[in-house]
Every structure is written in C-alpha cells, then in structure tokens.
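There are two complexes below, and they share chain A, which is joined by chain B in the first and by chain C in the second.
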Partner chain A sequence: MITKLTPARPGRWAATVATIALLAGLAPGFAAAQDAHRGGTLRLVSVSSQGTLDPHVNYTSQFWQLYAFLYDGLVGFKKVGGPESKEVVADLAAALPEVSNDGKTYTFTLRKGVKFSNGKEMTTDDVVASFQRIFKVLGPTAGTFYNGIVGADQCLAAPADCTLAGGIVADKAAGTVTINLVAPDPEFLFKLSAPHASILPAETTAKDNGNAPIPGTGAYMVKSYDPNNSMVIVRNPAFSEWSKDAQPEGHVDEIDYTFGGTEEAAVNAILNGQADWMFDQPPADRLAELSTAAPDQIHLAPLSAWWYAPMNVNLAPFNDVRVRQALNYAIDRDALVSLFGGPALAQPVCQVLPPEFPGHVDQCQYTLDPGDSWSAPDMDKAMQLVEESGTKGEKVTIVTEDNAASRGIGTYLQSVLSDLGYEAAVQTISGDIQFTYIQNTNNKVQLSISQWYADYPAASNFLNVLFGCDSFHPGSDASINIAGFCDKGIDDRMKAAIALGATDPAAADAEWAKIDGAVMEAAPALPLFTPKQVDLLSTRVGNYAFSNQYHWLIANAWVQ
Partner chain B sequence: MLAVILSRLARMVVVMVGISVITFLIFFATPGADPAARIAGRNAAPETVTAVRHDFGLDRPIWVQYGVMMRKMFVTGDLTSFVNRGQKIVPTLTAAAPVTLSLVAGAAVLWMALGAATGIIAAAFKDRLPDKILMGVSMMAVAMPVFWVGEMVNLVTQSRLHDTWAFSWVPPLGYVPLSESPARWFLALIFPWITLSFLYIGLYGRMLRTGIIETYQEDYIRTARAKGLTARRVLLKHATRAAIIPVVIMFGMDFGVLVGGAAVLTEVVFGLNGVGRLTYQALKVLDLPMIMAAVLYASFFVVLANAVVDLLCILIDPRLRRK
Partner chain C sequence: MTTDQPETGSMPPADAAGGALPPPAGPWRRALQGLASSRTAVLSGLGLVLIVLATVLAPVYAKHVAQTDPFRSGLSAKIMIDGKRSPVMERSTEGLGLGVTPIGPTWGPKYFLGADTQGRDVAARLLYGGQNSLVIAGAATLLCLVCAAVIGIVAGYAGGRVDTVLSNLIDMIWAFPVYLLAISLSIVMLGKTFEIGPIHISSSSLVVPIIIIGLVYVPYVARPVRGRVIAITNSDFVLAARGLGIRPSRILWRHILPNVATTLIVFAPMLMALNIVTESSLSFLSVGVQAPNASWGTILQDGQALLYSRPVVSMAPGIAIMVTVMLLNLFGDVLRDILDPKSVRGR
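This part shows the complex of A and B:
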C-alpha cells in the first residue's frame, strides 16, 4: 500500500495508549467531564494534500485518516487507541454479519435511521450502488480486495456496466444486504472496513468525484476543499451517534487542514501554538531539540510496516540464493537504524512480518548467533557464501528514492556490496517514480529500496502480496512482487494458510510464522527496519489515541 | 503599431507551441513516466491498470494525446491532473496566480526602488565610504541563496525571537487574500518581499552603479557639465536615464520569470502556495497536465514582460524612438 498509508500498532507505547483507552472507557463521571471538552477548532498542517477526495479512489494514509470520521462502511475498525484498534465492529450494519454457505455468504442487516450529511436516509440502494461504484470508478483495490465477490470478473472487464448481479443482493423491505463470494475469504471483513468500501449515496456519479466532497455518514463532513490551500471539516448536521466504537461523535466543532510550507515551518508553527499537528514527520535534525524542549508534545508509535530492499531473483547475481543470503548476513542493521534517525525512530528487523503483527514470531536467521533477534553482522559467513557462488566482481546497481534516508541506505548497501567483492553503484530516482520503476521487469532493476505498509492486520497482506506468484506481472508497472519471487511450494502454503484462516485463525497464524521463516530462507529481500510514527501535537490538544489502522484518531482528540 | 502587436503575438504563439511540444516529448521519453500504474494505485490489478490507461487516453497515439491535452487546456478548460485525480488544472493555476503576483509585484517595487537608490548613491560616492559599504552589502546579498535567507528570517521571526516585542506581530506563515483583509495581506507578505527582493537589490544596485560610471565617460555628459548643469542634475537626468536601460531590460526578464514560477524557493519557505510551488509539486510527481499548464503560463509571462519592457525603453530613451 501507499508509502504514506501507515496503519500501525503500539508496542512499548501500549501501556500509555492503554491508559488513555482505559480512562476514556471509565465511569459516567468521566463522560460528563468529556462534554466539557466539546467545541473548538483543530488546526492541522501538511506540506501537501493528497489528491482526490473520493473515498473510493484515494489510497493514501493522509486521507484515510480523515475518512475515519467522514465515511462509514458496513463494518469498520474500532475507533480506539491500542491493540483493540485492529478489531472489526459493526458500523452501518446493526451487527456483525451472519456468515453462511461455508464462509461464502455474508448477510448484513442495516441500521435504521442513519442519514447522509445531505439529510437523505441511507438504504440498501446506497449499499448496492456503492459496491458497483468501486468498480465503475476503477478503484485501486477493485481487482485486489473486492475481486472475490460474485460478478466482480465482469465488473473488472467492463466497469461501466458493473451490476455485481448475484454478488450483492439487497432486500429493501427487510433492510438486509447479502454479499456472495466466489470462495471463502477470512480477510473479507478487513477489506470491507477499508475506506474503499465506504457507503456513499446511490446518486453519486460513477466517475472519480475529484475535489468535490461526497456526502457521507460520518460524524463530520468536508465543507470545502482546495488541494492547493486548505480543507475545512465541520460537524455533519445529520449525524447522531449510533456506536461509539464504530463512529464516535467527535469533540471539536471544526477541523481546518492547511497545505503548504515546509516541515521545518510546521514544527515552528506547532511550537508557537499556531497549529496543532503536522501530518509530515518532523525533520530528524529537530528531534533532539524537540525531545528536550517539548517532550510531552511528542508521541511515538511503531508502524505495521517495513523498509526493505527487494533483490531481483531473476537477475544475476541475485538469481543465486547464496548471494541473497550473503547480503542478509553482511548488513549491519543497527547502522541502518541510525541512518533512519536512530532507535527512537526505527527498530532493526530481519524477517518479513513486523513486530506484534498477526503471525509474527521473533526470528532471525541472518545474524552472528541465529535465534530470536538480531545481534551483529556475520561477515565471514557472507564472504564464504559469495565465494561459493562464484559471482565476485559482478556489477550491481541499487535504485533508491531521492530522499535522505533512502539515499543513505543505498550508499551504505553500496559499501557492503563492495566489501563483499561486487562492483556496486547507486542510482537515485524521484520517489514518486521510483516505486513504479522498480516494479517493471523491463527496467532490469537488481536491487532497490522500498517500503510496505499494511492495509489491514493480516499476515497475507505482507507475505502473499509481496512474495506471492499472483502479484508478479512481468513487464508491468504494477507488479508489487518487486523481487519477482515465485516459489510454487511457498505459494501453495500461503494459499492454504489463507484458507485455514477462515476456520482456525490461531493455527493459520502459526503457519504464517513458518512461512515467514521459509520466505526469509529463500531471501528475496533484505529486511531493513520497522519505522515508527512521530506525532507532534500542540499543548492545547488532549486525549491522544493511536489506532493501528487510522493512526492518530483526530475525532477522539479535544482542544482546550 | 498594430503590426508590431500582431507580430509580437505571432512570435508568442510560436514560442509557446515549441515549448509545449518539447515538454510533452521530454515527458514521454522519461523512463518510468507512464502515469497509468501510478494513477491506478499501489498493488492494482492488471485489469485496473489497463482500464485506467484507457480512461485517461494514455493508450492513444502521442500526437492525439497532445491534441486532446491542448484542446482541454485552451478550449474546454476541463483538463484534469494525472496525480491529484479530479483536480482541474486551469482553475487551480488561476487560483495560485494572485499569490505569486502579490509576492513578485511587491518585491519588484522594493527592489527597483532600493536597487536604483543603491546604484545612484554608490555611483555618486564612487570609491568613498558609502560606495564601499553599499557595494559590500550588495555583494553579500547576491551571494546569499534565497532559501537560506528565507529560513534564517523564519528562524528569527517565527522561532527564536517570535515571542519578543520585536517579532510578536509577525503573522503565521501563509497567504491572506487581498480581498479578505488588505492589512493582513500586507503583514503576511512583508518578510517574503524583503527576502525575495534582497538578491535583486544587490544585483541591480551593482549594475546601475557600473552603468552610471561608464556613462560618465560619454561626451554628452561632458557637454552637460560644460553647460553648467548641477552635479545632481547631470547624475539623475542624464547619466542615470541612459544607464538604467539595461537594468529595465533585465527587470523585464526577471519579473516575467518570477511571476512564471521562479519564486518557488521563497514561496515554499514562506508557505505561499503560488505558481512556483504548484510547478515544483507537479514536477516532483511528474504530473504532465500541470507541468504543461505551468510551463505555458510561465512562457506567456516572459514573452509579455519582454514586450512591455521594449515599450518602456522607448519611453525612457528618446534615441530609440527615432529609428
């Protein structure tokens, strides 16, 4: 998923976040106190906006964070901080769906009396139209999240005539919607919780709606949006809270989001009390100052993400597994962490699944003493493997993005490759082009630096998406299996694990841990580190809560 | 006169067509430029990428795409971005233009006034203390990069001394439309104006000083002095008037280029979302429609400013009128 789309989980911050969650859930007396926090305006800043406002099209964490309180799906992730934030709860549906027909049929009963911000009541017509619209607007995940719905094939082939006949069946009188899948999908509720499955009014145009706000059912609505200047978000007048977990009524009356300036200026503005929060990460060179000048205003949380360096398993020298393993042994993961800003901003990692992610079990094969965690590089082993492979002296080009961290890592990998006896070079490309460039096999990229952020908390979202045979499309700019890794045995095991998840999630997670190990043994990538999210808030903001899925829950916060 | 204007217009069209074709070709020659996969989103299915490519007309021959883009930009006005899907290019550009115009016009007034004063005073006191001080400061102004000056100004006014009596009046970074509040518009632009004009004051001051000193060697200056004119009259009416021509020509160039987007560094540092920042953002994400519109907009202003300057020169220098 998109670089900036970064659901995450609290690790060592669990304690802090849990305390806040506990406080929020405490006693009616506290609830009364919360009312005192109602009102005020939150002022958010960001260097740039992120394009279209259409929730069926936009695929960036910046706007997904806003969709959390603007739109609803049939189900949604719980809007609380802490580990509970990855739980799915009923949202526009009155309860979680009844699953029948061996996990292929989901029946939802809609809540009654829910209104869109234009005052119109939400009905089954809107639900059916919204699912069709995902395909009609050529939604980015139409072919990857929602392709399992009956009739999705035709919709992908001819989007304009999409009906999903047989896939989405509505009973308007009873207020129920039935979704039929081609095969059981244990991750289907996660996919329905994504903003791409938001329920919009049936009359919404079947084209990308661009900068014009579409009415939603959330606690707030967009009053105006100019991508080059600002967005103004106000309370949805037609909203009344139906579930605090799914869509809490927010504290603030208005949210003003301005776009422009620099990260540097945003930090100053927050310290001066001219702004309340910045979307972009504060510049690394200001962090030391911030940690002493304003320690209470900084919030850190590990993300469900990884920085990694895919090695093209179809191009020399990385078509030899020993070379890939050698590089994994040779890199100093502590050095990589310092390149990203130090242990406060990242933690070393040598496996695919991020810490505390479903299916994650601490394991590290590529270290001095293989075991649970990484300790130090094993250069002797690496040299020996390179020697055995007979690839010494070959040329390797590392393709990096044009930001400081990516370039720094590229230069570091270049030095490691030189130590191992290769002739290494770094090629830097604009970050927005690099991501599609490294995916296309025609560009013959051997080694590159990239990131992946989870869409939803399921191991397959990392392993199957990044290293599954289905994600490898030679000659296409959209081929997310950048390493071109397709191992029949592992692919079958991943498919089996997905299926197993439908009946026995615990056993499936155990199997994912083993698959994680098996993938790392084949070493199609260099895991670099797990990044952390830094939120800098002004002193007037209270009730900070961090959700795995939406990051800082803006609507849960209050201002003094 | 009509013929002059028509030939000017014809030249402008030729320049703009040439620039747009070159921009277009460079874009499609860039590796990895194909926007279809980027528009479709991360991990999009191949069917989706194909559908998007077709929807945006990216599967049509390149000259057809060029024609369609020009038609959408100039005839129907509904050209939309490749990156910020649904964002209409022409209204976005027209919304950003007043910001850049306010910044550059204000700075231009400052730098022409102060630049001229610097040059004239320095020339009048040639090789004496005021000359040396002014030329030293000018050299510094020319040598300091504008983004650094801007960040330093911000450091002082927004961070380190923000809470003191000297700078507590400085509003937060950003633009306030003139129509909303002229006073706040003015306050918000004071430091951006100073920052942007600093370099040009130095540059123009040095140029004018050299020009005046050279002009002092001319015969007509000697004649003027022989007639018994005062030193001040010789300096202002005769020497400066002749020496300012190259400065005005350069002003036309600089003004056009800055309005067209070259003030990007000042805009970004001060959070002014003008044409320069728009162009910079479009370049960063390879947003072809926005790049095309911004480039054509910039070339229009450069050509226009040059035409205006030619007229101005005729007004200033009677010798040009006789030809």
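This part shows the complex of A and C:
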C-alpha cells in the first residue's frame, strides 16, 4: 500500500530543520550518556538451569530469554518493551521478506558483514544448513512450526537425510534465501522469529550440542556453562550492531548466571545487593513484604499466558459436557487468584485467549451474571447440571505439579468437586514429569493443572494448539491437546480463521473471538487466571524493559 | 539369661526356713512393675496417651469448637475478630498490594493456630493429621514387627538353605537406603489402584504408606531377631526339648517366640518413633499421605510456603512430631532397660 505524501508548508520546513540541528547538537551528549552505562557485570540467579544450550532444541522461557541476545534469525521480534515487542522486524535479513506466489514464497536478502562469535562471516550456506538442522536434531517445533516448508515431510520422515530440497533455495551470489511453503501461512514470520529458527554456523554438528555453546551472531556469547552451577556470558567480539530493534548492542560487559539455591535465598541475595535478578517468581510468602519494603525494585508485567485445568473429554465424568460446564460454574475464580498472590498478580478469566491478545474479546459464560467478566460462582446452576448428568459420586483424580501454586489449585478443585458430590483426590507428581504425564492418554488423567505461554502473538497459538484435532495424539507424551478435545466443526473454523489471517487479519481476529466462545461452550478446560510476571531487581539495575516474547530484556538493562 | 522363660513344671524353691517362696515374677510382670516405678516411663506414657486422646477427639474439636471442616478449602471464609468480620485470607493493601496472607493464630476457639494457604483451620488439621500419622506409624510398626518376627524366626531356627535365602533377601533390602526405597515404592504405588480379589486399595488410601513404611524397616528388626533365635536355638533348654522329641512347632511357640517377644517389644517404641518421622518425610515430599487426607508431614509441607509470614503452620506439626518422637524414645529407653538382658540398668 502506497501512502500519499502531503506537501509541507515553508514554516514547517524551518521548524524541522531547527529540530534536526538541535538534535544533531545533542547527539554527542546523548551518546555519551549511553556510553556512561556501558560496562559492569549483571548477576542473575535461578533455582535451576534448563538443560541443553542448543537453541534448536531448548524450548524453555528461561533460555529463550537468553537466546534473544545470543542468536538471531532471519527476522525477529522487536527487542523493546511494551506492545511494540510483538512486532516482527528484519534481523539477519536486510529487510522483511518479499512475499509472492500467493503467500507461499518468502524471499530474504541477507545482511552483509554479519559475523558469528567464532569470527566466521554468516552466509546463505549457514541459513540453509540451519533450517536443515532444525529437522536433523528433531527440534521440538520442527513438526508444528516448520512442517509447512516444502520438503519438510521428507525431513520429518528421515531427519538424517534432510535437505529441504525445493523448500529452502539459496542464491549465494545474490545473497538471497527463498523459502517455499506448501500452503500460505500468515503466522510464518512469527515462527521464523522463534529461537528455534536461529541461524547457526553451517558446520555445527547435527545433534543436540548439550552444554557446549554454539557460536551465534548475537551481541553476546556463552563463555562457559555448567548446568549444575553457572553460566558466564560475555560480549561477542565479532559483533557490530546492525539494528537496534533486532539486536541491540547491550550495556553490560558480562552476565553471570548462577544456578542453585532457593527462591527465598534469591530474594535475600537481591535485597542485600548480592544478585541483580532472579528468574523464578519470588515466593508468595514474601510478596506482601516486598510490596511494601522494596516497591521500586518490583516490576509487574502482564503475560500472554493462561493457567487452566484441562478436563479429559474422553473419560468419565468429563465426557459429559454438563459436568465440564458445572465445574466451570462452580469454581470461585477470585479464590484461585488468591492462591496465586492476589489480584495484583493475576486476573480471573473464563475464556481461552488472554486479555490484550489478538482475537481477545471479553466474554464470560460461566458466572452468576453471564456477560463480559466473571463476577461470582453459580453453585445452584452447577449442582443442577451435575444432577442432570447423573454422575454424582463418581471418582475424580486431579493431577498437579509439586509446586505450591499447582498443588494449592488442585486442593481447591478437590474441595469444589467434593461439594458437587464427587469423590475427588489430588495426585501430586514432580514438575519434571507432570507436563508429559498429563498429555499421555495411557495415563488416563481426568483433570490436571497446566499453563500455556504464547510462543508468538496469534490466537491460533492458544486455540488451535490446545484444542485443535491435529494437536491430539492418543498414547503420546507430546499431545498438547491435553483435554483430547476434537470438534470437527470448530476445527474447520479454526483452519479457516488461520487462512483468513493471511488476507484480512481484523476479520480473522473477530472469528477467533467467536471460536473462543464456541470452545468455552464445549468447556474442555477450566480457565483459571491470567498471571503477571514479577521481576525483582536489585537497586543498581536500570533501564528495565519487558517484552511480551522474551520477558525482561536482559541486554537492554544497565548496572552503572 | 534373665529373660529366658523358666521351664514349666519345676518345683518352687524353698526359703531358709523351709517354707515355700512365692513364685518369681515373670518377665511381663517385672516389666510392668519396672514401668510403673519409673517416673520417666509414667510421664512419657501419660504424654503419649494425651496425644492419642487429642487426635482421637479431632472430629469433636473440628465440629464443636472450631466449627469447621478442615478438609474443605476456606479461601472465601470470614471470621469475627473484635466484633468485625475479617477475611481468613488477608489481601495486602499496602505498597503494591501484592500477596495474600492467611490469618495468624487467634488463640481462640476458631483458627486457634491460624489458617493455612487454603484458609483451613490449622489446629483442627493438626489433630486430624496426628490421627493419620499415629495410625500409619502404629500399623506400620505392627506390620514390620510381624514380618520381621516371621522372617527372623524361620531363618534362625531352620538354618541351612532357608536361612541363606532369607538372610540374602534381608541383605538385599538392607542395601537400599531407606528413604530411596520408600520414595521409589511410593512413586510406583501412588499412581495405581490395587485390586487383589475383594481387596481394593486406592492410591489415596492410608494402607499404601502403611505397607511402604512397614516393609522398608523389616531388615532392621529381622536381623537381630534372627541372631537371637540362633542363640536361643543353641541354648540348653531348647536342645533338651529337642532331645525329648518335642515337635519343632511347639518349641517355636513355647520357647523361642516368648524369648524373642522381648526383643520385639523393645524395638516397638523406637520403630514407632522412626515410622512417624518416615511418614512425615514421605508426606512432606508428596509421596506419603495424599490430599484430602492430612498428616503432620503434609501440614509441614503446607507450612513451608508460609515459613516467612506464618511460621506457626510449620512449627506446630514440627513440634508435634518432635514431642511424640521424644516421648516414644524415652518410653522405649525405659522398656529396653527393663527387658533387654544386656542392659546394665535392667539387671
């Protein structure tokens, strides 16, 4: 679309010239002020590390936060705070791609002179090899994010022989890479912005590199990593800032990340000035104290996330929609918010899409006064539905993680189910295995507690991923449709909404809002609340910025 | 040996004046006399009786004093304090308004020790939790002693291959660290429902921790029992009985079991104390008693999340465990002094 330029009046020209001159005069001073913050060491702490360092394999928010300044993709989410952080900008590509062939072909022109931390210049060979490697290492999103690339089917069937022939086409001389898709995908740029599409040196071994750092193009590089102890991150000597939005230079010279200890110890370390930030949320027990004693050190940010309780629609008693609706009516969402630390830290919800997310429209069917928002539980309606279902007295087991919040919610739901006449029990299992355990239908999990954090800002990343028929794989540990919900009508509407997003995003968002309502009418899950991120920083940390995708932008902060 | 049973049918000894002396007190009577004359035994026994009574009366306390259901979440509950209705879960209103803290001890009938993270009365849960902890520890002790007695007696008396097999089996179980074995068994058993004929054991049943805790300590008792049986089997009165052609079952029942019983009784309070700690540890780690049931271990776990703001939630079960274990150990010490033949004070 071409925007028509309006001729400016002479007076406005003069004002513009004066402003430019003034800014030019201030620029050195501004740069000096920026330089004044350069240097120092940022000290981060976490109860544990999150396994492999390999950006094509790791699928944790803890390490994705680090990959933001260690690696780059062809495109990336803008590394700024606020709503702009959802925007995709050109990163290793010189500009956003040209899209042709009815949305099935993306052509990228690579930036010149970008080097990996080992000093080698990035070329089209690295891009092609990196996309092949996503499949060769069987990356966790290879079959979901990148399965639309031509040749991906063969790569998924025989990863070791993956070539993506016809899918990734490089022109070394022109410095271009063309990606061909089997069908248009309006979310493809989002998927390319994820760390799983990071560009790595072509010679990187096609297996999970584990604790060995892989050279990247980011502003920083990993100097050492011991998952049981610490990680040291230093500046990438080969880095030269090409885009502040895509990969800012960063302020600190070194980032020391320590693993181990407890959340309590981390809070004390930050308050005593021995650490600058903790990855884990401060314990609920300390929140009231921190809220009054260190309010300036706390930063709250809404998350594109959802705490929910999937109900297995294929197992009794939840194979009866009336039971699922009854539980939705019966729960006191204010009480659940209390379990998470109160209204300042969580917002009660009774729909899938989080607030301020594409496609979100306030709606609540399961409340005393159905409307835009939740007001109070409707126990009478719930009891009536349970009576009608004839399932009273049946046994229900709630599977929770062994952390305080998950266990607390499980205990609360057990109490509500008992009130409704069920014989309910809570089964608490280690957080390391709970997520995969509840996905596998062989474990016959009736009700569980889970969370979902958006990979990218698209309604399908919640609705289609969590309740689409394609996400349900009986007998597999990787069946993210935990409820086992598959409604062909809703599924077709979701596929149509994804396609509509390519041509009319606004209409697609409106359709997603309706789908959100339709899914909740079938009630395959109990929406619990939308959480907020609590970042506790030491007093010396400045320039806090929160990105919806990467959370706290560590490299943007300064310590001096 | 002082605790060996005298052979039946022998004539009572005569005193210096030629008159018949009263029959000597048996080991059981001597034990009771010893316990009654020991201030430590009386006080610790009384303490234990009081704890048991308090836990037995848990439903009465919950219904008539605290007027609460300690197994139901009370996140929206309110309580009258100084004529004002206050929420049990107090939301922070100062600063950034973060955090929700359960009410602290009121030292009154309701929420005497305050509330936990679910807004439930801690005092009522402590009594119910004690009931489960004591039932599990007691039943596990009984199970352990019975299993250990059977294995120890059979192995020690039969000898040969039977002894080799059973001793190796005991050693195999012994080779595992107790908590590692208990946690492993718990994880396997908690995910399943067991149905053996008409017997149905659900994963939330108290029978699961009873079996686990009962079994892991069997080698610790079976070994000394086996040793004692071997010693008794080679003693004169057993050899004489064998020589007279008395049936092995009668020898076991009349001569060996009574002599081993003292060993088992000496073990009982110590084992009970150990089982209370083990049960609490497993429940604290979420692999023991499962919600909605409570035990001192689960309350301790609930209190962990409130260690900073409401320490009483974890301190109360901690103190209950400590006092009960201490009383059991004191009682057990006295019992051992009286019944253990090797004990200097027992002579």
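The rule is simple: the second predicted complex is superposed on the first by the 528 of 560 C-alpha atoms of A that agree within 3 Å, B and C clash if a C-alpha of one lies under 4 Å from a C-alpha of the other, contacts with A are read in each partner's own complex, and residues count from 1 in each chain.
The working rule: a contact is a pair of C-beta atoms (placed from the backbone, for glycine too) under 8 Å apart; a residue touches a chain by one contact, two chains touch by 3 or more.
Treat the numbers as computed from the prediction; the structure is a model and nothing was measured.
J.: Once the two complexes are aligned on chain A, which partner has more residues of chain A within touching range, chain B or chain C?
T.: With both complexes superposed on chain A, more residues of chain A are touched by B.
J.: If you stack the two complexes on chain A, which partner ends up touching A:Ser373: first (chain B), second (chain C), both, or neither?
T.: In the superposition, A:Ser373 touches no partner, neither chain B nor chain C.
J.: Taking the superposition on A as described, I'd like to know which of chain B and chain C A:Thr503 touches: first, second, both or neither.
T.: neither
J.: Taking the superposition on A as described, I'd like to know which of chain B and chain C A:Ala265 touches: first, second, both or neither.
T.: first
J.: Does chain B (first) or chain C (second) touch A:Gly143, or do both, or does neither?
T.: After superposition on chain A, A:Gly143 lies in contact with chain B alone.
J.: Identify the overlap between the chain B-contacting and the chain C-contacting residues of chain A.
T.: Touching chain B and chain C on chain A: residues 264, 429, 443.
J.: In their complex, what parts of chain A are in touch with chain B?
T.: 1-2, 5, 48-54, 57, 59, 138-144, 147, 156-157, 159, 208-212, 226-229, 258-262, 264-265, 268-269, 271-272, 274-275, 429-430, 432-437, 439-440, 443, 465, 471, 473, 476-478, 480
J.: Looking at the complex, which residues from chain B come into contact with chain A?
T.: For chain B paired with chain A, touching residues are 30-34, 36-38, 40-49, 51-52, 55, 80-81, 83-88, 92, 95-96, 151, 154, 158-159, 162-163, 172-174, 268-273, 277-278, 281, 284-286.
J.: Can you name the residues of chain C that touch chain A in the complex?
T.: Its residues touching chain A are 71-73, 75-76, 89, 91-92, 94-101, 117-118, 190-191, 202-204, 286, 290-292, 304-309.
J.: In the complex formed with chain C, which residues of chain A make contact?
T.: Those in contact with chain C are residues 264, 283-293, 295, 298, 300, 332, 334-335, 338-339, 341-345, 397, 402, 404, 407-408, 410-412, 414-416, 418-419, 424-429, 443, 534.
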